[in-house]
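Two complexes, one shared chain (chain A), two partners (chain B, chain C).
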Partner chain A sequence: MKSLKKEHVHTALVYLYLIIVSILILMPLAMTLFRAIFTQSEEGKLAISIEPYFTISEGFWDKMQVSISISLVTVALTTAISLPVAYGIVKYDFRGKKLIFTLLNGVWYVPGITYGLSLVLAYYFVYKFLLGFWGFVAAYSTGFMLLSLLTQIVAFRNFDPVFEEAARCLGAGRLQTFLRVTLPLIGPGITAGVILVLVLSLNEFITALLISGPTRIKTAPLQVFTDIRHAGVRPFVAAEATILQLVSLAIVIVYLKFFGTKYLRGSIMI
Partner chain B sequence: MTLPGLLIQIFFFFIPLSMLFIMSFTLKDSFFFTPIFTAENYLRLFRIYRIDLQNTFFLTSVAATLDILLGYPFAYFMVRKVKRLADVFRAILIIPLFGELYIAYGLLYLILPGGPVANLLETLGIPALEALYSLPTTILALALYTLPFVVYNIGVSLQGIERSYEEAARCLGASPTQAFLRITLPLSLPGVVTGWLTSFGWNLGAYAIPILLGGPIIGTRVISNQIWTTSLVVSDFGMGSALGVIVVLITMSIFYIVTRLSRGVLV
Partner chain C sequence: MIKVEAIELVKRYGQTLAVDRASITADKGEFITILGPSGCGKSTTLRMIAGLITPDAGRIFFDGKDVTGLPPEKRNIGFVFQRVALFPHMNVFKNVAFGLQMRKYPKSEIKSRVSEVLRLVRMEGFEERMPSQLSGGQAQRVEIARVLATDPAVLLFDEPLSNIDAKLRDELKYEIRRIQKETGKTTIYVTHDQSEAFAISDRIYVMNSGRIEQVGTPYELYTNPRTPFVAAFIGSSNFIEVRVIGYQEESSTTLVRAGNVTLRVRGGPLLSEGSKIILLLRPEDIYLLDENHPAEAEYLNVLKGRVESVTFVGTFVRVNFDVDGLSFKVDVHGEDRFRALRMQGKEALIGFSRCTILNIP
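Coming up: the complex of A and B.
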């Protein structure tokens, strides 16, 4: 009886710790949200108001649109490009596999500021045709490919090749097997990468800050940063930051509702 | 099959990075006109930017250590103890991935005069304005930013430890604490090291957190901000890219150690 009680106390403490750390993580988001909803009146009283959402910077919604379209194109491109890579890495053993994987990984470990600076150079000197929308897509697709690749590798790992073999035995071609058997089965696994690339590219800030010079495109997070620097802690800035975070959060929550955390594990989650 | 993937990395990562490398050997902004090649940037770099390098390494290493202290129990509980609500905690760990900008901004509100923490600090006798642009706030923000990576790295290494080792130790008379300290902890050390290094490497490039929370003293004297100022404000592109190259060299060696230590979890 006594040990059972001790166990309960243990479990309670474990959860208490996890909750405290979670609160630490959620704190900045909660605070921004709070400030974007409750506005201080002149007498110093807090009142709920949606006014900040109508006073956000002019053009913020246009930038949001630009951000979303960049993200969507990026997601499509990264998924298409990394899918064959992941398939090859899991299915075949070839020389230099480790090397190729390492080369593909490299960009993830280069800080955004350095990566952005090197892209500015490349865009000015070599890829002049990319000064615009596609400049962003190229940068994001390169930078976030690893995330999509990792989740796809995990998906292919968990996939039983028996199904493929059965399809092949029954006379399906290689491509047919891939399209009709493999893809539907690993589909949910691929969505994990889709969601990560979508959310991260929507919020990418430092690389965007650098390449917004040559490409002359400003994304929504850049607008938030500019407004923070210029207007500081005004309610409308909080509203902008909230909009971006809530959109990201909504994407994540909808995803988790459908698929749970199963497919994200092994790539960025334990 | 890996060709499209490799090509995009070559065109938009290796070529730009090589250009940056070449530019780091040119004088000021001469790269854009007639390049004057020199190694002077690297020779002067450590003298001019010593304080910035020191600041950055101090901030990032303290933040990484704080991450280990916060993240180890988190990962351990997630792997070993928690069943209910585990998905909720996992989901919460995605939020820092939204970006450093929001973390910095949220903390700004928290500590600003009138905010909840500001009131608490005032009652404790600490002026809130001093906490606003201070080292502890910046470090906390950096730590929160990279916490998911640390939890992930430690979690993966904990998952790789056979539970029977611990059970064997317990059977042989070790107390739970002893079993943890002698068996589990040493076996999970690679995860601790990779977690620390990943956090360190990521925070080297943090830009918004130091600038928004560090204030004029700490915030502007970190490498990421100097790369920006030196190259795009002062137009000393040679020096700016030399700083960039130094950062890349550090993060790349970290990446190398991490892949060696994690012993090909994925490939």
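Coming up: the complex of A and C.
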């Protein structure tokens, strides 16, 4: 009886802890939503209104469109480029493999502002010809390549090569084996990388702020930042921020709906 | 049906010589087994034949055609792996159809061929199941069906039963032999399990430390092992180091001595007096004689000693018998087992005639 009571207390404490952590994570997001939809009348009464969503900055939706486009192209590019690199790093032994891997991992620990500044310098002096949309894509792809690469390396490392050998013995060439066997089975790793790059590139702010000058492009997160600077945390700015959140969430849901189940995840994870 | 020849294959991994000039031939429709302990190079040899590993030296011929440089997909082989290698994201039908799709068979033919091979391995009705829904034995049957579907020229098995429980393993080894006989395919099978190899093989290549030690039928290997390794690896053995003391022409026997014990061995006229040799005695060829009716005349050697220990193994009783400091393992079968169980610590007689002279130490 005593032990049962103890178990109940234990369970309650676990739940309480989870609730507190969840609140800590979700509270800032809830506060933004609160700021966007609750308005205070002159008498000081709180009222729910979606009016701020109709008073967002002019051109916000255009910038959102630009953000989504940059994000999708960045994901496609980083995935396509990093996939063969990750495969090669895991599959083949070559001189300097460890050094390359250490250097790549080193980039991971560089602060965002430093990396952003490096990209600005690189774009000013090296990639001057890449302006506008493609300049942004090039900067983001460079910045997020490592993220994509590392998740794919983990996926390839966990992949049992016996499946590739079986496919080859059954008559499949290297490419067929990769497309029909390897790729579906490392799906979870690719999915993780794709979602990370998708969400982070859509909401990336530091790099965007630094390279918006040379590339002459403004993204949605940058617009929110500009509005905060000029107007403060007004309801329409909070509305813009929540739109950004919702769009991120919607893209991830749509992505998982189409690619997150059978094909890319593989049946192992289902 | 093709003839497979692997000639003088060599494979090194850094300083380690994994396969050392191994030559293997499987005639058309023959079932051969490469038998050896873990790490002896048998799987590496098989993988070189499959094209999964490139040999450092040596050639591989399929029906006289040099395939050494060909990738596995160009060799028309069927390879069954130690671990189940069914693609986890495809159901049984898609797994079996995979090789046929790679060969661009028409859809209708794929369907009928898949049904045919699943019937052959007694797995019809499982087409929609995912690999995770199959037992170990079922998965291995599907794996065999998958390689048979493409009608490969040669079947290669890399310890396919090592991860399966004993009862099922026993069942599946005969199943593999049945399928091989029905299809008539040239087969190379790798195992470390002697009983498995003996049950299904036409011929066996015994491998040790990267080298082929001996080739022969199961009977030849058992009755006439040429090296101490083969003798020790195949079956249970007594190895006795002895010195030749003479040859008796009238009985065509060689007299040898181990410590204070004198033994008679059939044959060996060319052995020089004083030379050291090793005798191989199988425990099942030594008899624990009945003290009331010892029938001493039936045996070339009858020795008096003491039963040191008795172990009941089920189908036989293992007796450790001491003759003047010389130790013998004796396996007692049949009704005599129960007599043997009561003899621990007692004086008794053992008799034997059959023994093999191994090489000079």
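Everything that follows uses one rule, which is that the second predicted complex is superposed on the first by the 243 of 270 C-alpha atoms of A that agree within 3 Å, B and C clash if a C-alpha of one lies under 4 Å from a C-alpha of the other, contacts with A are read in each partner's own complex, and residues count from 1 in each chain.
By definition in this document, contacts are C-beta pairs under 8 Å (C-beta built on N, C-alpha and C of every residue); 3 or more make two chains touch, one makes a residue touch a chain.
If you're wondering where the values come from, they're calculated on a predicted model, not measured in any experiment.
Of the two partner chains, chain B is the only one touched by A:11; chain C is not. Here chain B and chain C are compared by how many residues of chain A each touches, and B touches more.
By the touch criterion stated above, A:221 is placed in contact with chain B alone, chain C being left untouched.
Applying the stated contact rule after C-alpha superposition, one finds that A:61 touches neither chain B nor chain C.
By the touch criterion defined above, A:258 lies against neither chain B nor chain C after alignment on the C-alpha atoms of chain A. Residue overlap on chain A between the chain B contacts of one complex and the chain C contacts of the other covers 268. Contacts from chain A toward chain B in the complex involve residues 11, 14-15, 17-18, 21-22, 24-32, 34-35, 40, 80-82, 84-85, 87-89, 97-98, 100-107, 109-115, 117-119, 121-122, 125-127, 138-139, 141-142, 145, 149-150, 153-154, 196, 199-200, 203-206, 209-210, 213, 221, 224-225, 228, 233, 237-238, 241, 244-245, 248-249, 252-253, 256, 260-261, 264-265, 268-270.
Taken in their complex, chain A has these residues touching chain C: 160, 162-163, 165-173, 176, 180-181, 184-185, 262, 266-268. For chain C in complex with chain A, the touching residues are 50-52, 71-73, 76-79, 81, 83, 85-90, 98-99, 102-103, 130, 132, 146-147, 150. By the touch rule above, chain B contacts chain A in their complex via residues 1-2, 4-6, 8-9, 11-17, 19-20, 23, 70, 73-75, 77-79, 81-82, 85, 87, 89-110, 112, 114-116, 141, 144, 147-148, 151-152, 155-156, 158-159, 201-202, 204-205, 207-208, 212, 224, 227-228, 231-232, 240-241, 244-245, 247-248, 251-252, 254-255, 259, 264, 266-267.
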